[in-house]
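A, B, C and D are the chain letters, set down in written order, and residue numbers restart from 1 in every chain.
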Amino acid sequence: MLEIDGLTVAYGKMTALRDVSMAIRADDMVALLGGNGAGKSTLLNTISGLVQPEKGEIRWQGQSLRGLGPDIICSLGIIQVPEGRKLFPAMTVEENLLMGAYLPAARKVRRQSLDWVYSHMPHLAQRRRQRAGSLSGGEQQMVAIGRALMARPRLLMLDEPSLGLSPRASAEVFAIVSNLNREGMTTIIVSQEVQETLSITSYAYVMENGGIALHGPSAALREDPEIKKSYLGL
Amino acid sequence: MGKKKSKHAFLLFFLIGVCLTAGLPASVLGAAKPIVIGGSLPLTGQYAETGQWIERGMRYWAEEVNAKGGLLGRPVEFKIYDDQSEVSKAVTFAEKAITVDKVDLLFGGYPGTAARAVMAVAEKHKYVYVSMGGHMKSFQQGYTYSFGAPPLMGEWWYEGFFQWLATLPANQRPKRAAVYTINNPVGLSLMDSINRWTKKLGIQVVINEKYNAPLADATPLIVKAKQLNCDLLFSNGFFPDGVTTIKAAKALNYNPKAIVQGIGSVIPAWVKELGRDGDYVFSGTSLYNKLNYPGNDKLNAYVKKKYGLDGYPLYFGFGYAWMQTLEQGVRGANSLNQTKIRDWLKTHKVHTIAGPMTFDKNGLPPPINFCTQIIDGKVELIWPKNIRTREPVYPKPAWK
Amino acid sequence: MDPVLVIQSLISGVMMGMVYALLGVGFSLTWGVMHVIHISHAVFGLLGAYFAYTLLTLYGVDPVVSAMVSTPLLFIVACAVYQVLIRPLTKAREMVVASMILTFGLAIILENLLVLVWKADPRLLTPSYASESWIIGPFYLQYPHLIGFALSLVGISSLYVFLKKTTTGMAVRAAWQNQEAARLYGVNLFRISMITFALAVSTAGAGGISLALLYSFEPHSHNLWLIYLFLVVIVGGVGNVIGTALAGLIIGVITGLSMAFLPYQWVNLITFGLLMVFLIFRPHGLFGEVG
Amino acid sequence: MKKVPLIMAVLTVAVLALFPLLRPEVYYLSFLFTLFMYVVLSSSWNVIGGYAGYLSFGHAAFFGIGAFATAKMATAFSLSPLLTILSSIPAGLLAALVALIVGYPCLRIRGPYFSVVTICFAFVVDLAVKNIEELGGAEGLWMTFMDLPEETSRAIMYEVMLLLMVVTLATVYLLGRSRFGRGLTAVRTDEEVAETMAIPTAKLKIQAFVVSAFFPGVAGGLFAYYLSYIHPDAVFSINISILIVLMAMFGGGGTWLGPIVGAVILTVVNEGLSTFAQAEIARIIYGALFIIVTIFMPDGIIAYFRRWATAQRKA
């Protein structure tokens, strides 16, 4: 569904991604692991079109994404939930959600999407008129995921969805994400919570210094003691 | 790469081009060796309007002189710098005209603050400087090369109005005055005659306030004057604040016996833009386009043809008259020697469109006491009585 | 103190303040949303004023009608200005600084084009009601003030409705609260910036017409207008539409009261001094930046 | 400073200092006087505006305070020419003192809000001077000029302003390379981070503001004497404040060379363009200069040519 081939990205003189290749199948749930500055967020931002690659190719269902802006990529159904949630703090919860359905195709069905999101996250419905900035961290993360769902994603990319959340909120987020995947949503999840992430994903890539250090089925990575020690800090 | 290079080339070209055109010495003198008259005017920025009218008046004078065979047998030519309405630029350009262009004659500038600073330059370089001056204070600095010919002398501006007022029977004169003055050299200089004459005529100054420009709102001014029953309103301001005040006076239906508007009502825009609301306003002047002195008819005809105006604007006349004075100084001295020109001007009578005048040791003519009133959309001279173009309208009719 | 004087001063002060708010609200938006400090904003206001002046003197068109016509025209002009001049600035490291320098240059150019087209002479917008009043008891409501006030109310509230109720308006607000997130959900920042800029400039045109009903104007008047609208925007909080309107009212009240109670000589000094003190204590405006 | 640039700087100053010996026309001395003055103004502005990133739009206030202080001292005590020139130093100190008092509350405010506070400040000072009769009020002040031939007196003013410029530039240069300068850069980059790194930001900002007010104050004093008649409109004009900022930013704020380049280019171009017959066209060209430079060099001329030079070296 999504193929990445020899992707290299540089910020000025600093190379952020070097020769990254990966493939993600439909309905898959893939983990992207690695320490700070390994290049995970850059990879997602490049897929989203916020960053333009120097070399390499991203193909979405066989179509190259080269040179496309974030609005086009968004309209193709590749949706990111950015790190740190990046909500619109002064807007209400509902306005935030509606912003997810900004592009015309999603806008047409936004009422249904809204009902669907509220049915998945019922306590957002109660807070629909509240300013997003006034919510708790867990609730904000829910809004961020809800906003992404409003865009009717075909590939959902979550960047550190559990960062800064209480264990309970974090578990809730993971539950929602794996639930969505079970309903057939292709998902990439970037996380520092290695154990949990590996337990809900089927395949994992580990990044280091802008490159892919290793990859394999999540279950296998979880078992390998060598890998656990050197890459996953377990 | 090629695209980048062409961008660089373009940039470099542009910068060099600007620098070259900027630094180009424009002193491409003709064979006839004209007399060059140099200086600066505010052609852009805050005082652009006035500066441009002065320039037009000066250029008309040059046209006329050159048609008559020039000055001392040589054609005249201007070198006018744009000081962008900045005092310090007016000073450096005066110095540039004097020391670099080595102009034969210096011309005067505007506004008063610039004239005040340039008068010092002219004095130091011993160049005759004929301009509006910067009111009485600047002529009391001991400068010997500066002439107000005619000056724009705030201290005299209302002289004619008061002289006329004094001729009215005492019971018809206004009793209570409201005086609103813009806080700058022009406004302050107007206070001199107001203080002197109100005392003399027994007019009580009920309100006497200064304001700093910009005047955000004139409503309170008018309400106050109305409540305190002031039957004489002095609006001693420029055009913007003058207009705001008059409009508020009409909107609030304030009807004093007379409104005197100092400096704003002397420019053509007053009559043109305010229309009938600008009527019956009194003001002073030091030259007037219907004066029975030679030249005024010609100027009026020219302005009518070229700009479609009835009667030349004050500053057009000033530009022309200052040049007339300078011209006669040169002819009288029969030389371009500045000291000779100065000495001739100090000892002889010159004839300008503002009338004949002689200058005292400060470079000033005897006080001028014209008073104007706008009647039926025209600026009419109502004082001195013997040359009045129309009977004054007094008391001012109520607003319609 | 005489109550008639105080109330009358307050009335006209408040109306005057609102008119500045209409001129300022767009300035506030471009600043808040795009990080562009648009120095030539008030020149576009002047452009509106000259447009209305020309229509009035040549064809007797009422300034209110001119305001309706100038708004779409300026919108189109502003789109072009955005594409040619403002959009390239996104490369700059410091957008605020670069935009200030560029639009300063633009202001000089436009000011002098105004001189070339309309001459430097001061102008007045004088429709038939230019110095008429609606008299209520001892109070006079001057029609030009009233109409300027009404125009401002309509202009500011339609801008508010646009921002709150339309999808594009929501995108504008989103873009300025979090650019990256807005882009991720398909907001084309260039398009949103262009719309914001164009809306700002077209409201400036209407604001200029309202101001011209109150004051005379000439090509350099924009310098003065700019200072006042700067103050309104800062007191209201950058990007805050309702805040800008309220700030207009507050500045009007300050001016009105100080004119009623103080010697006029001190009015401007007190106004600016109060604003300075105010800013020191409420550095982000009365109503905060976002709203 | 490396050796070669240092030698070049010394040579430039020497040539400039000897220039009056060629007996140039007075205008050139006056023109360079104003040019040096703007270099002083924009370079000292750069300490607070460029290095620290606090865009003050009220710097004309300090310039004007210096001008009026000198003019008042000179007229009140009938100072001799030498003392008048020297009196610009206490005038500068007065400007610095005002900066200290005003800076304390104002520098807590960040970003554009700071800019607007400084605009208000400049207006307040301007209006206050206009309302104070002792300072000449709205009439302005006349000073008696030195009783010397014009060439000599202008040459003296030229040399004094040159000296002030050299002192200012040297001070700004050394400050920029000191811990103080690095601290200011940290403030500009991210003030909160700077605070967490135990940089005394509040103190640094005040010091920078005081320094950036002192030199304009001195320059104002000299300017008053140069003009010999000063009016609040001539020294407190917001146009001067804006021009100072533009010069620094145009060349490249935060760099030592930027304000110098900006001041020189803008002063020369503006002065030269004013000789055009059609004044409006000249102004339009001047405006276009800002637009074209910003579009092609959005970070200022210095940054642009630095990048260009690095690219050339690479290629």
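Definition applied: a contact is a pair of C-beta atoms (placed from the backbone, for glycine too) under 8 Å apart; a residue touches a chain by one contact, two chains touch by 3 or more.
Note that the structure is predicted; figures quoted are calculated from it, not measured.
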Provide the labels of all chains in contact with subunit A and in contact with subunit C. none
Mutual neighbours - chains that touch subunit C and subunit D alike: B
With centres defined as CA means, the chain nearest the overall centre is C
State, to the nearest whole Å, the distance from the C-alpha centre of subunit A to the C-alpha centre of subunit D. 52
Just give me the whole-number Å value for how far the CA centre of subunit B lies from that of subunit D. 34
When the centre of a chain is set as the mean of its C-alpha atoms, what distance in Å lies between subunit A and subunit B? 73
Among all residues of subunit B, which ones touch two or more of the remaining chains? 44, 48, 183, 210, 212
Out of subunit A, which residues touch more than one other chain, so two or more? none
Where subunit C touches two or more other chains simultaneously, the residues are 112, 115, 265, 268-269
Taking all chains into account, which pairs touch? A-C, B-C, B-D, C-D
Touching subunit B in the complex, subunit D uses residues 25-28, 30-31, 34, 127, 130-131, 137-140, 142, 145, 150, 223, 227-229, 231, 233-234, 237, 239, 268-269, 271-277, 279-280, 282-283, 285, 289, 292, 296, 308
Quick one: in the complex, what on subunit C touches subunit B? 2, 4-5, 8-9, 11-13, 16, 112, 115, 119-124, 126, 130-133, 140, 142-144, 214-216, 218-220, 224, 255-256, 259-260, 263-265, 267-269
Touch list for subunit B against partner subunit D, complex: 7-8, 11, 14, 18-19, 21-24, 26, 40, 43-44, 48, 80-84, 86-89, 91-93, 95-96, 98-100, 113, 116-117, 120, 124-125, 137, 141, 183-185, 187-188, 210, 212
Subunit C contacts subunit D in the complex at 31, 37, 85, 88-89, 91-94, 96-98, 100-102, 104-109, 111-113, 115-116, 223, 227, 230-231, 234, 238, 265-266, 268-269, 272-273, 275-276, 279-280, 283-285
Partner subunit C, residues of subunit B touching it in the complex: 44-46, 48-49, 52, 180, 183, 209-212, 214, 216-217, 219-221, 223-224, 227, 239-240, 243-244, 247-248, 250-253, 267-269, 272-275, 277, 399
